[in-house]
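I have placed the structure first, in the form of structure tokens, so that the comments after it can refer back to it.
As written, the chains take the letters A, B, C and D, and residue 1 is the first residue of each chain.
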Amino acid sequence: MGDLFINFFSNPVPMEAYLGVSLIMFFAGVYGFLSRKSLLMILVSIELMLNAADINFVVFNRYLYPGQMEGFFFTLFAIAIAACETAVAIAIIINIYRNLTSVEVGELDEMKE
Amino acid sequence: MNFLSLFVLIPALMMMGLFVSKNRKQIQFVMATGAILLVIMSAAVTYMYLTERAAGNLATMLFTADTVWYAPFNIHYSVGIDGISVAMLLLSSIIVFTGVFASWKIDPLPKEFFLWYSLLSIGVYGFFISVDLFTMFMYYEIALIPMYLLIGVWGSGKKEYGAMKLTLMLMGGSALLLVGILGIYYQSGATSMNILEICKTNIPIQAQYYLFPLTFMGFGVLGAMFPFHTWSPDGHASAPTAVSMLHAGVLMKLGGYGCFRVAIYLMPQAAHELSWIFLILTGISVVYGAFSAIVQTDLKYINAYSSVSHCGLVLFAILMLNQTAMTGAVMQMLSHGLMTALFFALIGMIYGRTHTRLITEMGGLMKIIPFFGVSYVIAGLASLGLPSLSGFVAEMTIFVGSFQETDTFHRVLTIVACTSIVITAVYILRVVGKILYGAVQDKHHEHLDPATWYERLSVVTLIVAIFAVGSAPFWISSMISDSVMPVITQLAK
Amino acid sequence: MAQQIIFFILAAMIAVFSVLAVTSKRIIRSATYLLFVLLGTAGLYLLLGYHYLFAVQIAVYAGGVMVLFIFAILLTNRPGENVKTERKDRRIAAGITSLAGLAFCGHIIYWNVNKMYTLVVPAEQKIQDIGLTLMGTDKYQYLLPFEFISVLLLACIVGAIMIARKR
Amino acid sequence: MQYTLLIVLLPLISFIVLGLMDSKWKPQVAGIIGATVLGIITLLSYITAFEYFSFHKINGVYEKLIPMHVEWIRFTQYLHIDLGILLDPISVMMLVVITTVSLMVNIYSLSYMHGEKGFQRYYAFLSLFTFSMLGLVVATNIFQMYLFWELVGVSSYLLIGFYYTKPSAVAASKKAFIVTRFADLGFLVGILFLSFYTKTFDFGVLTSGNASVFASTTGVSFMGLSVMSWAMGLIFIGGAGKSAMFPLHIWLPDAMEGPTPVSALIHAATMVVAGVYLVARLFPVYEVYAPDVLHGIAYVGAFTSLFAAVIACVQTDIKRVLAFSTISQIGFMMVALGVSGYGSHEGLGYMASMFHLFTHAMFKALLFLGAGSVIHAVHSNEMNHMGGLRKYMPITNWTFLIACLAIAGIPPFSGFFSKDEILSACYEFSPYMGGVMTFIAGLTAFYMFRLYFNIFWGKEHKHAHTPHESPFAMAFPLVFLACVTVVAGFIPFGHFVTSDLANYDIHLDYTVAGISVGVAILSIALATIMYRKESEVPKKLATTFAGLHKAASSRFYVDEVYIFITKKIIFNLISTPIAWFDRHIIDATMDGFGGVTQWTSSRIKSFQSGQVQQYAYVFLLGTLFIAALVYFIH
């Protein structure tokens, strides 16, 4: 354990540290996705997972293919798409709330207006 | 496209006519015209067939035509007829015709009813004119589907259950059939699914061993073979009149026809080897159906079980694998088609008046509605094999034919099957005695409407047909027996 | 050394807040925690030398998306109300599965990843390069996806208005 | 002799016309049409008989004529049903018998059935019956016979059930049809056996004596018995059904539910002798190829005869008595055939049987019509509602007496001659048989006179209205048949009908004749003592032999056995379980398939909940699983 700390602080930040962070973030997102009922919370969880993925892309780009920019752009586009998605999702959520006064997934089994 | 396709085209045109017709009058006009056209067509085809044969044309199938439908899979649309198809076409036309009149005032949704009815007849006609396995199977499926809606929507009693059961069991049968047909096609190595072509090839005997039971059972389900007959009582009991007529009268014949044309014709060796299994099953059907009919109390159930018995006899005779018995089988198809249609027509008409089908709740109807009473007695007598009515010639041909097999197994089975004529008498007379004779059971039954003209037309047509087949069987018998010959030669190989 | 410490702080922040974001009872708090996570992520981008990405992350996520979130929350939630969670057994199952996934992936990362890379000193990316790459049509250039994204964005705008407008 | 076709076809046309017209015509019109048609064909058959017996004898042997035939349906290369007309001595004789009795019944019914609802229908059915019966007797082949046999059965069914609102009539008609149908099953299978080995249905070929026809039957056995025994035995079962041989006789007494003229026509004179006719028709085959069956027929006939005679002694319904008497007399005919051989003198039994058939038809029709006349007068079938009617109904009384004397075998009435021939034949076969038959003849005389005295003598019963003699249309047939009964015995029957178609001169065997007349007179005397005046003897006898009396009155419980078999065994032990099995095993299995499918799908269904979270969860698990799999396998 001591070695680990010494290594960590003496060397540049290793890739697995970044990956570990994104991992925690991702599985927190997964847990949130599975355990929450509110659509908004699910959306929050999705954002978490997307961010985790974004970090991974960037990290891989930086550590494995430093001369290229694929990961970077992927993340860029992912952020853009995530923004779109959030916008639409929130529009839908608000609309649902307007109709059903609820944003709980369990209660949304009717497709009617 | 030769003129045989008209049999499919006319119902299709009827459907179009129905689409544009606006009221009941027009619907009736369209249906009546179409049905009469079909009768005329089939009479014409019979005449043409007989003249062609008289002119010495010895081909297995006459008036054949072949169109490639989908070349990569060798799917053709091919039609053609022999004496058996001619007999079946005649039967179908008569029953479609009488069915139209039996449901002349169908309510509700007459247009939709007749639409499905016409689609059903497309399937039936198509099946009888096709000589290609694929076309045959396709028409078979076309005939099955409308059944579900016709029973489910216009039926009575436990109609959803009956419709579901009938459709599912028949679909199960057709699943077996599909495997069988594809198996036949691939194992034969033929370049098309045309029956005439496949019969020239030799399907390996190992393949026949599993393809024969598959095909036979597939068609046997439709032919109400024990133990796959249970759709028949429930389905027929809940079906509307015309549908019962068409189903029991024609559709059940598809089974026998298919067994004959596909299972036996294409796989003669397996037919020889395995016929005993099915002989036992069909032998059971014959006696079992008859005994079951004795204790039923619902008229339609009685007739459905009686159909099980009679159709069992058809398959039984086919499996005897000789010319006489097979001729008898086809005649029995014809005869049973006519008389069971008559039965169902009458039951429907009686039910329409008494609002009950339980024989315990009826009695003395002969005095109140004599037309139906007399017709019912005639139907009953035909069913129990009175000479000069169609049942007699058919059954006798079957029994004489079956007796040509000399070994004890066939003998005993034949004698067992013969006993059905006694049991049939028991249940027929029981019904006749209970519902027609005796005292009137229900005072609401004392004044029932007399038969209307369209009901009379429908019933009389069927009775005349029954008499025609029963009194002058020679021409139809010889026509059929000539057409059985190719199968016999195939079996002798 | 400073880099490591910054990373450590950011990592701890992200880990703690992401867990808090999904376990918090109040939805508004969850959103706030999410904001911290997003900011932490932006920090990581900076740490990795992607300044542009850092800016985008802050502007789009922490700025745009979070505002949307907060509005949505305020519109749909009655203040003070707890967020409903799934049934307990489901939550436990979800937790176990997540932990299992975490363990499994962590195992892979810990034992396998360190053998694969060589660290190159992070260098700042030139904004011109980004612009050229984004607008070019050659290999490794991204005009087509860019256009797609723009169309997608347009569609989203239209869609969101269509969905959310009053009837 | 083409015109013989008309004999068969006219009744058919009459049936169709009457049947289609039904109630559109007045009843009288229908009756007159029916009777006229019958008159015409009776005339035609007399002409046929005259022409045949006069001109168609070659070298002392009658030829077999087939004036016309057509192929009706072809089964195999050899087997085909022809419809045709075969004229030989027995068929011509039957033509005469049937048309005569039928004509009488038609005339009689004009009055007897007057005012009944369904009069037209009645005449239509009578025509149908006449048609089928005539078709049966002129059949050229065994299948044609079977065909008309069935038609006869149906017309009998329709006529017994004529009063269809009466439950007993409906039940009786049903019973008659089903019992005979059961017998016909035997007939059919017998035909199948016979035709399979001989390759023909044709009577001409079968009875030609050509051994090559039967060549393939030698040594063939089926389940232990020789094939010819099977075939002929089964065919006899068919005959036994129609001719009411024990134990298939049960339908005949019940058949008396039909109108009385119908009983006279069908259940006394014509249809019930169809079995005898069948055996006679195939007699050469029985005689050569199945002698054991022939002997069996003799024993069955004798037993039935005795059995029925005993029952007839205690019945109280006059039509029932006559019915059992008919059974007994048909037994006589069967015995005669059974003991007969082939040839001129050996064929005595055959000749006697046919002779008895002829005379019996006449006097039994007379008895039934007389009984009908009595029933018409007193409106009851029961003996104890009658008595002393001789004062009111002289014609009926005299004609009935003549018929009773004839059946009792008193010379010079026709029954004496025919019965005497039968007894002679029996004595030649074996003395025991002769003795038994003589005893039965005595019983016959006894019960007939018991009947006679109970109706016309004895204590007068109070009637609601005074009985009166029947009108002319009913009296005429009685008188006519009485005349025939008186003279028929003097017909030199052996000149017309013999087993080998050659002449045979009947000689009265005076010993036999003496014994039988003696026995008959003794029995009549006994009956006179017991029943002419009211006396205590019958009651005493009944109490002395209480068991026997009771058993005989309930017809030896054969009906109970029948009911047991149909109700308990067929209905309750076979059909009900089968129906149950069908519903609860077969159908339940089929439904079970559906049920299993539904159950499975309802289980699987919860996976398709539509909840994205659940999908995600499963997806995640799956991903993890696959990843772990891949990872750890590497």
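Keep in mind that, in the parts below, a contact is a pair of C-beta atoms (placed from the backbone, for glycine too) under 8 Å apart; a residue touches a chain by one contact, two chains touch by 3 or more.
Here the structure is a predicted model, which is why all the values come from computation and not from measurement.
**Student:** Among the chains, which one keeps its Cα centre farthest from the Cα centre of subunit C?
**Tutor:** Between subunit C and every other chain, the largest centroid distance is to D.
**Student:** Take the average of all CA coordinates in subunit A, do the same for subunit D, and state the distance between these two points in whole angstrom.
**Tutor:** Using C-alpha averages as centres, the distance is 98 Å.
**Student:** Just curious, how far off is subunit D from subunit B if you go by their C-alpha centres, in Å?
**Tutor:** Chain centroid spacing, subunit B to subunit D, equals 36 Å.
**Student:** Give, as an integer number of Å, the spacing between the C-alpha centres of subunit C and subunit B.
**Tutor:** About 70 Å separates the centre of subunit B from that of subunit C.
**Student:** How big is the gap, in whole Å, between where the Cα atoms of subunit A centre and where those of subunit B centre?
**Tutor:** Comparing mean C-alpha positions, subunit B is 66 Å from subunit A.
**Student:** Please list all residues of subunit D that touch 2 or more other chains.
**Tutor:** 613, 617, 620
**Student:** Can you pull out the residues of subunit A that are in contact with at least two other chains?
**Tutor:** Residues 30, 34 of subunit A each touch two or more of the other chains.
**Student:** Note the residues in subunit B that touch 2 or more other chains, in rising order.
**Tutor:** In subunit B, no residue touches two or more other chains.
**Student:** How do the chains pair up in terms of touching? List each pair.
**Tutor:** Every pair of chains in contact is listed here: A-C, A-D, B-D, C-D.
**Student:** Inside the complex, what are the residues of subunit C that reach subunit A?
**Tutor:** 1, 3-5, 7, 10-11, 14-15, 18-19, 21-23, 27, 30-31, 34, 37-38, 41, 44-45, 47-50, 52-53, 56-57, 60-61, 64-65, 68-69, 71-73, 75-77, 83-86, 90-91, 93-95, 97-99, 101-102, 105-106, 109-110, 113-114, 116-122, 125, 129-130, 133-134, 140, 142, 145-146, 149, 152-153, 155-157, 159-161, 163-164
**Student:** Please output the residues of subunit C touching subunit D within their complex, sorted ascending.
**Tutor:** Checking each residue of subunit C against subunit D gives 86, 93-94, 97, 100-101, 104, 108.
**Student:** Using the touch definition up top, name the residues of subunit D that touch subunit C in the complex.
**Tutor:** Subunit D residues touching subunit C: 613, 617, 620-621, 624, 627-628, 631.
**Student:** Name, in rising order, each residue of subunit D that touches subunit B in their complex.
**Tutor:** It comes out as residues 71-76, 79, 81, 143, 147-148, 150-151, 154, 157, 161, 164-165, 167, 170-171, 173-174, 177-178, 181-182, 184-185, 188-189, 192-193, 195-196, 222-223, 566, 570-571, 574-576, 578-579, 582, 586-587, 589-591, 594.
**Student:** Once bound in the complex, which stretches of subunit D touch subunit A?
**Tutor:** Result: residues 610-613, 616-617, 620 of subunit D touch subunit A.
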